[in-house]
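One chain, subunit A, appears in both complexes that follow, with subunit B as partner in the first and subunit C in the second.
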Partner chain A sequence: MYSENIIKFDQMKRYFFDQDTSIKFLEYLIGKGTVIAPHKKGETSYSFKKVDDVNEVVFDYSRTIQPLKKFFLPPQETLLNFNLTDNSFSEPEVVEEKKIFFAIHSYEMQSIRRLDYSFTKGNPESNYLSKRENSCFIGISFEPDEWHFSKSVGIEIEKLEGFCLFFEPVENGHLVFEVNETGREMLSEFGAGVLVDTPLDFEITDKHFKAKIKYHYNRLPQVFEHVYHSKVWDKVAEKCVGCGTCNLLCATCYCFDVRDEVDLNMINGKRERFWDSCMLNSFAEVAGGDDFRDKLSFRTRHRLFRKFKYITEESGELQCVGCGRCSRFCPAQINIVDIINDLIVDYTEQQEKQVI
Partner chain B sequence: MSKPRVAFFDFTSCEGCQLNKLNFENDLLDILELVDIVEFREAMDDRADEYDIAFIEGSISTPTCVERIHDIRRRSKILVALGSCAVSGGINAMKNLYPPEWVKETVYGEDKYLFPSIPVQPVSAIVKVDYEVRGCPMSTPEYLHIFKSLVLGRKPEIIDYAVCVECKQKENECVLDKGMFCLGPVTRAGCGAICPSNGQYCTGCRGLVSNVNENGAIEMLKLHNLSTHEAMKRMKMYCANEID
Partner chain C sequence: MEAMAVESKKLYNPLMSKILKVDILTETEKRFEIILPEDQILGHKPGQFVEVSIFGYGEAPISICSSPTKTPGFELTVRKTGRLTDKMHLLEKGGQLGIRGPFGNGFDVEPFQKKDMLFVCGGIGLAPLKSLIDYTIAKRDDFGRLMILYGTKNPSEILFKEDIEVWQNQDDIEFHMTVDRSDEDWKGNVGVITTLIPPLKLDTSNTIATVVGPPIMYKFVMLALKSKRIPDENIYLSLERRMKCGVGKCGHCQINNSYVCQEGPVYPYPRIKQLEEAI
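Let's look at the complex of A and B:
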C-alpha cells in the first residue's frame, strides 16, 4: 500500500525549505490571505488560530483541541438577526476572504471532506458552504501519539487528497511537495527554496501507530452489522459520565442546537446555533418529555454507529478519521479504539458460535 | 398591557444572588422598563400583596421559612428559584450530613433552643417551583434569559448538560489535563464555564446534570488521583441533597 505512495511522492516536484525559508513562506502566505495554523495553547495543548506572528506557528504538534470544523461550523454562530416589531429578519454577512490552512494533518483534511459530504447531500447547507469557499490546505506529516489511529480507518499520514502542498520533515527543515496546480503556482510565485531533483533518498514511511484497530477498516461496517445488542455498550456506559466532549471535539460530528435570544429591548434578537452532542441528556428528548435514547449505553452506541454504519452506508466512507480526540480528551479515559476492538471480539465470538 | 409585577425574596443564603442583580448596572434601567419591581428587601422598602413573578433566593432551613414560602407561593403566579441554595439547598445543605443536634450545638451553643431549625431543603421540596436559575452565585446570562422569556410569555430553555460542553465550545485546555480537580464533566452548564475559562476548576456550584452517572463520576475522579472519599466530599459541597 505504501509503495504506491512513495511512487506518488517520487514523481512530485519538491523543494527543500530550511526553517528560515518556511517562516518566509508563511509570511508570503499572509500576503495572499488569512493564514490559519496550529499554535500552542495553555500548558500542553494546541489550537488552530489565525497567524499573527509567523514565529508562533507550531509545525510539530499532536492534535489541536478543536478540530478544523470550527472555521466552517463555528461552536457558536448567528444564523439570523430578527426584529419582533416588524417581523423581519436578516442574515449576517459572511466576509469573503481567502483562507489558507497551514500544517494540517491528513486525518483533519479527510474530516473536512466528510463534512463536505454531509453538508452538500440533500439540501446544501449555505452557512457551512459560504465559509468553506476559498479555502486551501497545506498538509504536514506527523508523528502518531498513543491516541492517533487514522491508519486503522484508512487514512495514511501522507494521504494527499485535498492538499495543495505537503510538508515532510527532514533533517534541518522540510521537503515541500507540489501536490496540485494551486501548490505549484504558490511555490513558483514564492520563488525561494531549493529544488530537489535527485530521487527520494529517504522513505515516506509508515510511521508506527501505537493505537490500532484489530481489523482492516473495510471489515468494520460488517462488524457493526452485528453488534447492536453487544454487552460492550453497557460496559462503556459504566465509565461514561455523558459530558459530550467526544462529540463536541469530534472532527466529523456536526449536530447543532438552535436557540433564539431576544435583547432586553424586547424588539431585536438573534437566532444562534451551537455545537450539540448526542451524548447529552436533552439531545433525544421529544415533546411530552419522552427520550428515545435515555441511557448512556444507547448514546455511546449511537455515537459509534454514526461513525461506522449509518452515514457510511450512504457515503461509502467511515466517518471516523482516527484523530483520537474523543479518547484523548475524554475525562473518563474511554478509548474508542478499545471499544471497537472489544466489539470485534464480541463479533468474532458470535461468528464462532454460529459455525458450531 | 401593564408591566409584570415582580418581587424578590431571600431565605437562608448570603443574598449574593440578589446583589448580583443590582450589579447589572448597564442593563438595570432596561429591566426596570419591562417590569414593576414591587418588593425587593435588599433594594427598597415597598411591599405588595400579589406578584406575577416571584424570585426566591435561599434555602428552606427553619419552620418560619416553610410558612413564608407557602405564603409567597399562594400570592405568586410564577415562582422562580434563584441560585444554588434555592434550587438544591446549596452549601447550606452540607449541614444535613451531620447530626442536627450537633449542628445546633456547634452554631448556637447554649442558645440553641432559641433557633428552631430543620434539615436544609430546596424551595421545590416545599412548594411548586416553575423555573430554576442555578449557580453560586446565579448565572447572570441565564437569569436574563429566563427573565426575558417570562416577560415575553415564552418558555425559557433550561440547560441540562455538563460544563464540559461550554469548555469545549470555548476550546479551553482541560482543567483535568492540568492535573487539577474538576467537576465540570458532571455539573450543569449555563455559566459559560466561567471558572475553567479563568484558570479555576469547576466546584459543581450549579448542581449535577440529571441522570448523572454517580459511580462513573467517582471512578473518573479516581483516574485523576482523587480518592473515593475525596471525590464524594467534593461532590457533596454543593450537592449534599443530590448525592446518597
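Let's look at the complex of A and C:
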C-alpha cells in the first residue's frame, strides 16, 4: 500500500521545506487565520492548541491526549443563553474565523470525516457545522507507536482525503505535497518566486505498525454480527473500572449530556452540553431508575458496537480510526486491539464449530 | 467544508409556549394543556413526544397525550419525578414552557384502518396511548372494535377518571380495568393487567394490539398476547428511554442500533425482537 501512496505523491507537486522554511510557513499561516497545532504538554504528552509561538509547534509527535474533535464539539459548549426573569433566550455568537489545523495525522482527519457524517445525517446540526466551516487541514506523516493501529481500520498514514497539504519528513526537513487547490493557492502565495518544484529523489522511510488487527477491516462488521454474546465482553468487564476515559478521548465519540447552569445572580443562565460517556453507569438510565445496560460488559459491548457495527451499517465506514487513545490512556490497561483480536478468535472458533 | 453544502438547523431552540390549563389527575400527575406561540399547531402523530423545558431546570422528553384532531393546543401528562417535573407541577395557567418537537415515530394509523384496536395500558402508559385512543374515537368509523385494557398499581393512581367514566358507559368502546392492590372503596377487578387478556374474544388476525407500560409489564403482556395468537406484526410497543436531545445526536436513548428518538418510541414488535436491549 505504501508504494501506492508514492505513486499518488508522484503525481503531486511537492516542495522541499527545511526547518527554517517550515517555521516561516507557520508564520505565514498565522497571518491567514487561527492556527491550531500540536504542542508539548509536559515531558511526554501532546496537546492541540492555538499557535502563539511558531517555535513551540511540534512536528514529530505520537498523539495528543484530547482528539481534534474538541474544536468542533467542545467538552463544554453553550447551546443557549437564557434570562430567568422574562424567559427569553439567545444563541451564543458564532465567531467567524478561518481555522488552519497544522500537522494533523491521517486518523485524526478521518475522525473529523466520521463526525461530519454523524452531525450531518438526519438532522444537520448548526452548532457543529458552524464551527466546522472555514477550517482547513494540513497533514503530516507519523511514526506509529505500539498503540497506533489506523492501518488495521483502513487508514493509511498517508491517506490524504481532507487535507490541503501534506508534510512528509525527509532528511533535514519535509517534503510538502500540494494535495488540492486550497493548498496550491497557499503555497503559491507563501512562496511566490521562491519555491521550486522538487524532484522526488528523497528517501521516505517506510513506517510499520506494531499493533495489528488480525482480519481485514472490511470483514470486521461481519465479525461483529456474531460476537454479541461472546464471553470476551465479560473478560473485559473484569478489568474495566467504568471511568469513561475511552469515550472522552475517543476521536469519534460524540454523545453528550445537556444541563442548565444558572449564574449566581439567579437571573441569567446557560443551557450547556458536555461530553458524556456510554461507559458510565447512569448513561442509559431512564426515568424511574431502570437501566438497560446495567453491566460493564453490556456497556463495553455497546461502545465497541458503535465503533464497528451500528454506525457502520449506515455510513459504510468503521467509526474507529485506530488512534489508539482508548488503549494508551486506559487506567486498567485495556487494549482495544486485544479485544478485537479476542473477538476474532471467538468468531473463528464459532465458524469452525459450525463446519463440524 | 467544501463537500458539505448542507443546510444546518438550530435544533435546540425551544418555542416558548403558554399553559392554557392545568388539571390535577392524581397526587403525582398533572395534565397540562399547552399552546405554541401564535396558536401554531404542533402537528403531531399519536405516540410522538416533545422536549419540554424550563430554563434553569433543564429539559425532558414527554409524550403527547392528546389526539392530533384536538387543536390548536395539545396536552401532556406529567408525573412528578425530578427537578424539572417538580417545577412544572408548580406552574399554573398562563405559565411558560419551552417546547421542541414533535419528535420520534408515532403510530402510523394508515394500516390500522378497519382493524379491531386493542389498547393495553399499564400505569402512566395510558398517557401516550391516550393520544391514539382519542384519535380512534374521533375517527370511530375508520376502526373496528375499540378495546381498552388499563391497569394501575392501586386505585389512587388512576388517570383520566372523567374519560374513563365516558368510556365505561359507551356502547362502542369496551373498557376493562384492574388494580394490582385494591383499597376499601374499590369494587372492580384486582390483579395484574395480564389477567384482563385471556377473557377477551378476539378476531386475532384482524386485531392490532398497542402496548405501553413499565418495562416489567411488556414481557408478561407479550406472552399473554402470544397465547391469544395475535401475530407479532400486529403488535406495537412504545419504549421509554431518556431522549435528551430528541434529534438523534446525544446517544442516551440508543438501544443497540436504534435511536429511540428517531426510530421509536413506537416500534412494531418484530423490530423489538431484533433489539436485545429493548425490554
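Methods note: the second predicted complex is superposed on the first by the 340 of 356 C-alpha atoms of A that agree within 3 Å, B and C clash if a C-alpha of one lies under 4 Å from a C-alpha of the other, contacts with A are read in each partner's own complex, and residues count from 1 in each chain.
One rule holds in what follows: a residue touches a chain if its C-beta (ideal position, glycine included) is under 8 Å from a C-beta of that chain, and two chains touch if they have at least 3 such contacts.
The shown structure was predicted, so the numbers you read here are calculated from the model rather than taken from an experiment.
Novice: Counting only touches as set out at the top, which of subunit B and subunit C does A:N123 meet: first, second, both, neither?
Specialist: So A:N123 only meets subunit C here.
Novice: Considering only touches as defined above, state whether A:V262 meets subunit B (first), subunit C (second), both or neither.
Specialist: A:V262 sits against subunit B and subunit C alike.
Novice: For A:I30, is the partner it touches subunit B (first), subunit C (second), both, or none of the two (neither)?
Specialist: The answer is neither, since A:I30 touches no partner chain.
Novice: Looking at the overlay, what does A:C278 touch: subunit B (first), subunit C (second), both, or neither?
Specialist: Touch status of A:C278: second partner only.
Novice: If we overlay the two complexes on their shared chain A, which of subunit B and subunit C does A:R293 touch? Say first, second, both or neither.
Specialist: A:R293: touches subunit C, not subunit B.
Novice: With both complexes overlaid on chain A, does A:F329 touch subunit B (first), subunit C (second), both or neither?
Specialist: first
Novice: In the superposed model, does subunit B or subunit C contact more residues of subunit A?
Specialist: C
Novice: State whether A:C240 touches subunit B only (first), subunit C only (second), both chains, or neither.
Specialist: first
Novice: Could you give the residue numbers on subunit A that contact subunit B in one complex and subunit C in the other?
Specialist: 259, 262.
Novice: Which part of subunit C faces subunit A closely enough to touch in the complex?
Specialist: Counting only subunit C, the residues touching subunit A are 1, 4, 6-14, 16, 53, 55-60, 81-82, 96, 98, 214-215, 240-242, 244-245, 247-252, 254-257, 262, 276-278.
Novice: What does subunit A use to touch subunit C in their complex?
Specialist: The touching residues are 79-80, 82-84, 87-89, 91, 116, 118-120, 122-130, 132-135, 228, 254-260, 262, 269, 271, 273, 276, 278, 283-288, 290, 292-293, 298, 302, 305-306, 309-310, 313.
Novice: State the interface residues of subunit A toward subunit B in the complex, per the touch definition above.
Specialist: It comes out as residues 41-45, 47, 65-66, 70, 75-76, 237-245, 248-249, 259, 261-262, 264-266, 274-275, 277, 280-282, 294, 296, 329, 331-333.
Novice: Show which residues of subunit B lie in contact with subunit A when the two form their complex.
Specialist: Interface residues on the subunit B side: 27, 30-31, 34, 144-145, 148, 151-152, 157, 160-162, 164-165, 168-174, 176-178, 182, 184-186, 209-213, 215-217, 219-220, 223-224.
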